[in-house]
Amino acid sequence: MKRLTHIDEAGRARMVDVSGKPVTLREAVARGSVCMERETIRLISEGRAPKGDVLATARLAGIMAAKRTCELIPLCHQLNLTSVTVDFEIDEDNKRINIESVARCQGQTGVEMEALVAVSIAALTIYDMCKAIDRGIIISDIMLMEKSGGKSGVWKREGLSGDP
Amino acid sequence: MKRLTHIDEAGRARMVDVSGKPVTLREAVARGSVCMERETIRLISEGRAPKGDVLATARLAGIMAAKRTCELIPLCHQLNLTSVTVDFEIDEDNKRINIESVARCQGQTGVEMEALVAVSIAALTIYDMCKAIDRGIIISDIMLMEKSGGKSGVWKREGLSGDP
Amino acid sequence: MKRLTHIDEAGRARMVDVSGKPVTLREAVARGSVCMERETIRLISEGRAPKGDVLATARLAGIMAAKRTCELIPLCHQLNLTSVTVDFEIDEDNKRINIESVARCQGQTGVEMEALVAVSIAALTIYDMCKAIDRGIIISDIMLMEKSGGKSGVWKREGLSGDP
Amino acid sequence: MKRLTHIDEAGRARMVDVSGKPVTLREAVARGSVCMERETIRLISEGRAPKGDVLATARLAGIMAAKRTCELIPLCHQLNLTSVTVDFEIDEDNKRINIESVARCQGQTGVEMEALVAVSIAALTIYDMCKAIDRGIIISDIMLMEKSGGKSGVWKREGLSGDP
Amino acid sequence: MKRLTHIDEAGRARMVDVSGKPVTLREAVARGSVCMERETIRLISEGRAPKGDVLATARLAGIMAAKRTCELIPLCHQLNLTSVTVDFEIDEDNKRINIESVARCQGQTGVEMEALVAVSIAALTIYDMCKAIDRGIIISDIMLMEKSGGKSGVWKREGLSGDP
Amino acid sequence: MKRLTHIDEAGRARMVDVSGKPVTLREAVARGSVCMERETIRLISEGRAPKGDVLATARLAGIMAAKRTCELIPLCHQLNLTSVTVDFEIDEDNKRINIESVARCQGQTGVEMEALVAVSIAALTIYDMCKAIDRGIIISDIMLMEKSGGKSGVWKREGLSGDP
């Protein structure tokens, strides 16, 4: 029978004890999408500077937030990321910007949450920079794509195809 | 012609100057959903304590993150929220937990980002507490539902029905 | 019948909504004590520099922590303190250092937590700076002494006498 | 002659240099108590949800604050906790809630401050959630119970008995 | 006789009490320079993207740090900035990048520190992004240019000419 | 041809991936100066307490900021400092206070930014504590003096003489 690892026997929230876990290279890949009006995506993708700055701002916001994951997610462990990237794909046909983040560390616990936080805050930053012209923007499909490292090994999302 | 308010004439990212705006009551409502396997949602909703704690943890994470919005979103203004709520609806039929946040302040700028950050971090916290049993969880439909206050007045999302 | 103001009708933790409260001058006074071995208190109080630095460090730690109260106490409101002081009284006879903090702001909610956080973190800092020579130090009697401002007006602790 | 390890030869505050210390498993146990009126403790302990939420909120606040100890205590080292727990015992007879925190890490320095910060912020959170009905609550007996790991080895408080 | 406003009569550091000061529009302008090798400045200014991103990153770092000034400077008051800008001038002849920040708020205390923090962190970020190719970079001439608002009124630096 | 290590092939800001780097002892020494009026430097250096407190406050501010470097500098890695010092030299003849910081850690990446942040925030704190009597203070010559550890080995600034 599966049990929620953050809920102990008495039903109290707890941080999983990773004291005895070995230090290994951990990696996680997460994705998400920001869906907007065609005019908004054009304003972002046209013109050199505006596009550069909207996505450059969102990239930095994602990277910086990833480093503070353990302050935001109550039961997350502190860890020192050795790398985190945030990349974007502008999909004008589907009126969405796709976001992918890859996080890495040498540690005793995984970095899924760091990659997911990077994607989420990058998406929210895009919203913030465009909300005056398009309040209806929707953030969707934030999910883990794959992870590796640690006892549970490699995990990959099934049933999806295509690169971001 | 619409312009991105965070990009100035030379294409540089900027914080909108709100020095001259009056202080009014601002409110924003945001929503989002966390989609998971049926067994996961059952583990959360069954048993009093586990359910209480997963959602209680996510609620607190959302409230606490809302207060730190301006640290996460680069061009967001600092403001002192007078209220922020985070509520959940367990929709077993559709295998999703819906989240709604309402943020309020007396200020010179809106609180949309605060409500959206609360929803996003609450959703990520649910993921964190369940990821050991369900890595495939997807966070979707994070969006502003309505806002009021300030010069731009009331805005409501159209074409949606039903309460969370 | 009294009710816990942070627990709503369904038993969920909530931040009290202060949107409708007027802005008034708020003040709170809190105290606490750090009890240690006689030799420890002598090391702190003798010698000019060491004494100055232990308490100067604790004072700054208390002031800085007070400004971050809303990050530490989950349901606390953000507010901009207009003043916070942290003062010490060395009571060699009773082998304790007494701490007093006074916090003030112009705001919609009280500053009790800010004064209490200042006292607590100042006390913990004294512990940190002395723990290598006196691990048995005990922090006690952290309490609100008085508060004023807002609808509930003035409150003073009864049955105590003497200044810190 | 004992010296304060945070005060260097010229009396200046300093962070102890732990560059040469080996990485070992560190553990610390701290306790504290929150003393309140009988009616307050009953409001907390009765009714499932309110009790759950007051203590659940305090537990999370303690865990989250422990992770930020080095931001609060000026001369504390940064370290990555591998575990931190916060537990409560309701002692209605003595009108107090006892708090115990256990912190662990693999590191070059001890985790006493992390356990003490967890207890202190959990206690302050209980105060915050009950202050509207019981302003006179007193936080006491915050102290280290035991520590292990590192060169100084095991330390246990003497002369106390009973479990929290 | 002039007195240090942050040192009280007993020589203890203190936060200036601004509880009685009126809320007025405050503004401060600060500048600073980053001096580097000719090849470094060329790498930054040539090529579209690299230049854009080095300075765009430094701009965001400065803006974000300004919002956290009161966490960094121990006796600074919390305040909610209504605007903060960070701009750059590439002075290839003198092998330096000049930085100017303008901060504004409606508040009870000035925003000089916010503007100076923005300039300092923007300068450090330029260093961080170029240090692998030019470790000798020097940050200089960080200073207040002018301030206005509040009881002390307008102050302008004398004896300097030219725009950044 | 040299390349900016924080700019990837497509010109996007990135955090350097240090996953494969070995853990070694890293050290960095940085310096800076604060130039002020003769009367200001005399107020700081005369009288025991005021002097002690201005520099003691600046020292703590520098140490605490060093620990938060990765939150301030967008592409900096998280790391756990094992030591950081901040020292001052009062140079009345040249009307300046010189600052030196030494940072150390066992890690996969260097600590130059941590030492530079410590110096910068210590300098800004001196400004903050003296600005009411001397707004014209200038912060200058913030620079790396030497670094060691890691693949790039030892680096020392050339052409300078004298101790701070």
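Brief remarks follow.
Per-chain numbering from 1; labels A, B, C, D, E and F assigned in written order.
To be clear about the criterion, a contact is a pair of C-beta atoms (placed from the backbone, for glycine too) under 8 Å apart; a residue touches a chain by one contact, two chains touch by 3 or more.
Keep in mind that this is a model prediction, so the values were computed, not measured.
Comparing the centres of all chains, each the average of its CA atoms, the largest separation from chain F belongs to B.
Of all residue numbers used where chain C meets chain F, over half belong to both copies. The two sides are thus made of the same residues. For this pair, chain D with chain E, the centres built from the Cα atoms lie 38 Å apart. Taking each chain's centre as the average of its CA atoms, chain C and chain E sit 32 Å apart. Rounded to a whole number, the gap between the C-alpha centres of chain A and chain B is 16 angstrom. Touching of two or more other chains is recorded for residues 12-13, 48-49, 52-53, 56-57, 60, 64, 68, 71, 74-75, 79-80 of chain D.
Annotation, chain-chain contacts: A-B, A-D, A-E, A-F, B-C, B-D, B-E, C-D, C-E, C-F, D-F, E-F (touch as defined at the top).
Across the complex, chain B is touched by residues 2-7, 10-13, 32, 39, 43-44, 47-50, 52-54, 56-57, 60-61, 64-65, 68, 71-76, 112-113, 116-117, 120-121, 123-125, 127-133, 135-144, 147, 155, 157 of chain A. On the chain F side of its complex with chain A, the touching residues are 12-19, 21, 70-71, 74-75, 77-80, 107-108.
If you check the complex, the residues on chain C that touch chain F are 48-49, 52-53, 56-57, 60, 64. Per the touch definition, chain C reaches chain E in the complex via residues 25, 56, 59-60, 63-64, 67-68, 79-85, 87, 104-106.
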